[in-house]
Amino acid sequence: MIRTDLAMEATAAYGAEKIPGVDIINDTVSEGINRVRVTISSEEGEKAIGKKKGTYVTIEADSLAYGDTDTDENCAKALAEEIKSMAGSAVNGSVLVAGLGNRMVTPDALGPAVCDMVFVTRHIHEYAPESIDERMGMVSAISPGVLGITGVETGEIIEGIVDRIKPSLVIAIDSLASRNLERIRTTIQIADSGISPGAGIGNKRKVLDRETLGVPVLAIGVPLVVYAATIAQDLIEAAMDKTKTNKESMQKILGMMMDVEGADMIVTPKDIDKVVKDLARIISDGLNIALHKNLTLEETRRYMH
Amino acid sequence: MIRTDLAMEATAAYGAEKIPGVDIINDTVSEGINRVRVTISSEEGEKAIGKKKGTYVTIEADSLAYGDTDTDENCAKALAEEIKSMAGSAVNGSVLVAGLGNRMVTPDALGPAVCDMVFVTRHIHEYAPESIDERMGMVSAISPGVLGITGVETGEIIEGIVDRIKPSLVIAIDSLASRNLERIRTTIQIADSGISPGAGIGNKRKVLDRETLGVPVLAIGVPLVVYAATIAQDLIEAAMDKTKTNKESMQKILGMMMDVEGADMIVTPKDIDKVVKDLARIISDGLNIALHKNLTLEETRRYMH
Amino acid sequence: MIRTDLAMEATAAYGAEKIPGVDIINDTVSEGINRVRVTISSEEGEKAIGKKKGTYVTIEADSLAYGDTDTDENCAKALAEEIKSMAGSAVNGSVLVAGLGNRMVTPDALGPAVCDMVFVTRHIHEYAPESIDERMGMVSAISPGVLGITGVETGEIIEGIVDRIKPSLVIAIDSLASRNLERIRTTIQIADSGISPGAGIGNKRKVLDRETLGVPVLAIGVPLVVYAATIAQDLIEAAMDKTKTNKESMQKILGMMMDVEGADMIVTPKDIDKVVKDLARIISDGLNIALHKNLTLEETRRYMH
Amino acid sequence: MIRTDLAMEATAAYGAEKIPGVDIINDTVSEGINRVRVTISSEEGEKAIGKKKGTYVTIEADSLAYGDTDTDENCAKALAEEIKSMAGSAVNGSVLVAGLGNRMVTPDALGPAVCDMVFVTRHIHEYAPESIDERMGMVSAISPGVLGITGVETGEIIEGIVDRIKPSLVIAIDSLASRNLERIRTTIQIADSGISPGAGIGNKRKVLDRETLGVPVLAIGVPLVVYAATIAQDLIEAAMDKTKTNKESMQKILGMMMDVEGADMIVTPKDIDKVVKDLARIISDGLNIALHKNLTLEETRRYMH
């Protein structure tokens, strides 16, 4: 079984492009930025790929978060386009950004880090409407913490808040697990099928989706951890390719690798502090573009001060 | 008008010990640790002191958070005693600790810091009841963030969560403003009259109390900031005492000091990082003692690992 | 005695503009940015002001570090001009930036924070000369820590490193004490007379200057703390002005205020975390402009990635 | 070629126990704590193992840094014993602790984190000798930063400081690379053969040893990162064992795995923040026991306050 939270990795692994009800479109957003759109519309597709029905868009750039300001801003803009396209008119209402994950564990801190950089305006509409620039959206942002730290399921906290503030859209941000170390810092996924807090790294919990929250839910995820076993698989497959080894003969060993001790360890690059910080900046820029009409990033940063 | 969140400072300033419906009891908890219990039971008392009806206990120790392990542990125990005494049997039910304040602003980060160190067990009761030691209470802990960061009133978030998890008791932790720089790192106040998130440092907002939440609410507060004007008042009064100046003659100047530019600046000691860390440890120790019956602090720390 | 590390405050307090050998020039750098240049050239001036002979330039802007990108960049450029003007050709050689102060105490962490953002290139010249863009200067940056943490005088550490790497210029960055809370986040001082690590906040130690290090030493300082007594003095003086009180009559009280308990407490604004971060960005921008010829800030940030 | 900084892993990999001039002794320190002492005394041994002549002691405990206070303290004591045994009388003189690594990159931040918790006393001897308890040693501690951040080789900085303060012993602390993910948080190595700053994670640089510094140098290292390729090798070997595959037949593939893309990525566990904090506490406890005679850890912590 492939361990990945990325629909595009799952489809690649299962040759899913041939399954009815699974559509895959690749295109180029701008120089150096690719986009893969996986649409799952059948139950057969759901089962084959292990992902719920919906649309999963992956924005990829080799030079993402490597100091190339143009690439980073183009990715933020591409993300903003997808948010607006998936959310439709809900993006113009009250939007709640939910930063999932644990602020104290670096590779799990992406969601809270994004919340810290989103331009929040809901309270200005309420308490200082005279300060509202008409281009400002209505945005709130919560980092509820994780079950092990709060003792309360993330889903319950978000539901409680949604009950109170009645947003028109929830956008959840979370870290993901990928099957490929090199995907870390190159990929952002956005999906409209909901999210299970903690599913990427821990166990499955209460799902946040349109059904449970009563409003559309977008999930933005970034691969930041990899299972040790998938690293080993990738390296051994690359070595088999180079040595022209017959893969059939190795199936037994490859299959066993998932079961040996240490296979389920989760690892992360050693410079993960910087990776999280840079990607949080790109995602929050994307949110600020999507949720505030025609405010420039410069203006947004100035307002946030 | 005296700017202080401490009932004992307010009573001292207004000579409130003579007001009907205001009782003040001083005693010694253990060597070097004093306790002041202010009880306000009349409306006359409410108005005179500017605090709501209820009990306000201040635990004070000059050597608090100065590396004296015995004093720190004795203060934690004294705090635990007050929590149990004020909460009654509610302490044995499901307790929600709410860490108010802004994690990113050091003197306002006490609440979140306490939450990080409270031994949280509600999810263990729910998902792994077989791991429950019968001495463990049922504790959850949330740091909801502040209005300017989330766009949602702290009170709304807490209400939403209380609606979901139905605790028997809420304990809110917050930073306070005092009128005296030297009270910072020496004083912990616990009260049963509720709390207004942000009131210590910003504007008054929705109150968290038994009326709004439907369950008893204790508030634990620690003075961590001081208004510039109160520092000036204290120093000038001390100087007047030393120079035997007639205070009457100075009333006009002292009164005006509150209105000059800079008077409302809020300051904090320069080693505030360390003060917050040390006091958060003492308060979370107190909570862990009160909420988990007969677990030693050592056991609690081991469990939390 | 006036407690301030700013020459311009000291001269103002002592009416020093009339002292022979003390020159004071005020001008405007650009809109909203003022510059005060104090030159002390006589021993009489040294004694009167309590500062060593040399040039002290203060760059001031009310809206500094308040999110006004233009003001911040103009201040960085003005700082760069002063560095180049004071250092002369030494700025083109090997430059050692020394970030004084304690990384763990927020208002004392400015120096280390600046070092983290300076574009360091000395090692590239040495180990990867083929990667050198001819516009890059030769820059190294050390944060030696403080005496209480290292057990070694900052001066000894800097001397040891200067002996090894033989820079042509040392630029030391440190937090300062000011006599006015409102000067915090509005003022940057640059001086060519050397610096005493820890002098702003603790006791006087070994001086870093041309005499002790054998190379020119510039000191960049920013007021981040204030003594409680000076706050009180300012507020009471403002109150006396408003009430038209005769100041003569108050001299005894004002004099005594320095001696009462609490007067020597050092305080800082409650949002000091943000102030330090913003000012460190402005100062490191100024250094990057001065030390790397014609590299834009954008290019510098890209290289540093 | 095996990539590991642990002598015990290198000897195990090369069957080095049969090489003349290589001695390996295993014993048990206390319950659950093992010790492996590798002594390399011949050039043949140096070449076979790829480590310099000297003694390398590894202290291992499965439950290290898992909240078992007894194990942690026993490890700290075992470390203190080795320090005293390797350093001899030099431990009673002036000791400089050098925290190598980069404070900003979590798995590389062990050295600076240890320095923050070592009880530093050299300045007390010098400036406040009346406060010296005769049981206090003479300790200083420096975290010089890394080449990419300072522009100066760590070796040069340490040499400059050693020239100035003339210690009798240098103890360097650094993160290591191991070939086994599971060794992370279970192992501490101490060696008397010197250390190359950055060698574990980057390129080899100037060595810190008795020859270059003129005083004995102990190196304490903890595995905190692993190369992706070694994870893969371990898992595939475990899988081969389970499937009883002939290892000879796989040599070509295993050999090639080091050369495929991604093999040299360095990874770390996702909870590395906590691992570094816990191990820094254990190592600093060990240093405080070794360098201060008969001071209890409790007393040390109180002094450090």
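Chains here go by letter, A, B, C and D, matching the order in which they are written, and residues are numbered from 1 within each.
The working rule: a residue touches a chain if its C-beta (ideal position, glycine included) is under 8 Å from a C-beta of that chain, and two chains touch if they have at least 3 such contacts.
Predicted model only: the values in this text are computed from it and were never measured.
S.K.: According to the touch definition, list the chains common to the neighbour sets of chain B and chain D.
M.R.: A, C
S.K.: Among A-D, A-B or A-C, find the interface that matches B-D: by residue number, over half of the contact pairs should be common to both.
M.R.: A-C
S.K.: Starting from the Cα centroid of chain A, hunt down the chain whose centroid lies farthest away.
M.R.: Of all chains, C has its centre farthest from that of chain A.
S.K.: Compute the distance, rounded to whole Å, between the mean C-alpha positions of chain A and chain C.
M.R.: Roughly 43 Å, centre to centre.
S.K.: Roughly how far is chain B from chain C, centre to centre by C-alpha average, rounded to an integer in Å?
M.R.: The separation of the two C-alpha centroids amounts to 37 Å.
S.K.: Can you check how far apart chain C and chain D are, centre to centre, with Cα atoms defining each centre and the answer in Å?
M.R.: 39
S.K.: Residues of chain A that contact two or more other chains, please.
M.R.: 104
S.K.: For chain D, which residues are in contact with chain A within the complex?
M.R.: 104-108, 181-182, 201, 225-226, 228-229, 231-232, 234-236, 238-240, 242-243, 245, 252-254, 256-257, 259-263, 265-274
S.K.: For the complex, give me every residue of chain D touching chain B.
M.R.: Residues 66-69, 298, 301-305.
S.K.: In their shared complex, at which residues does chain C touch chain D?
M.R.: Result: residues 103-104, 115-116, 120-124, 139-145, 147-153, 156-157, 159-165 of chain C touch chain D.
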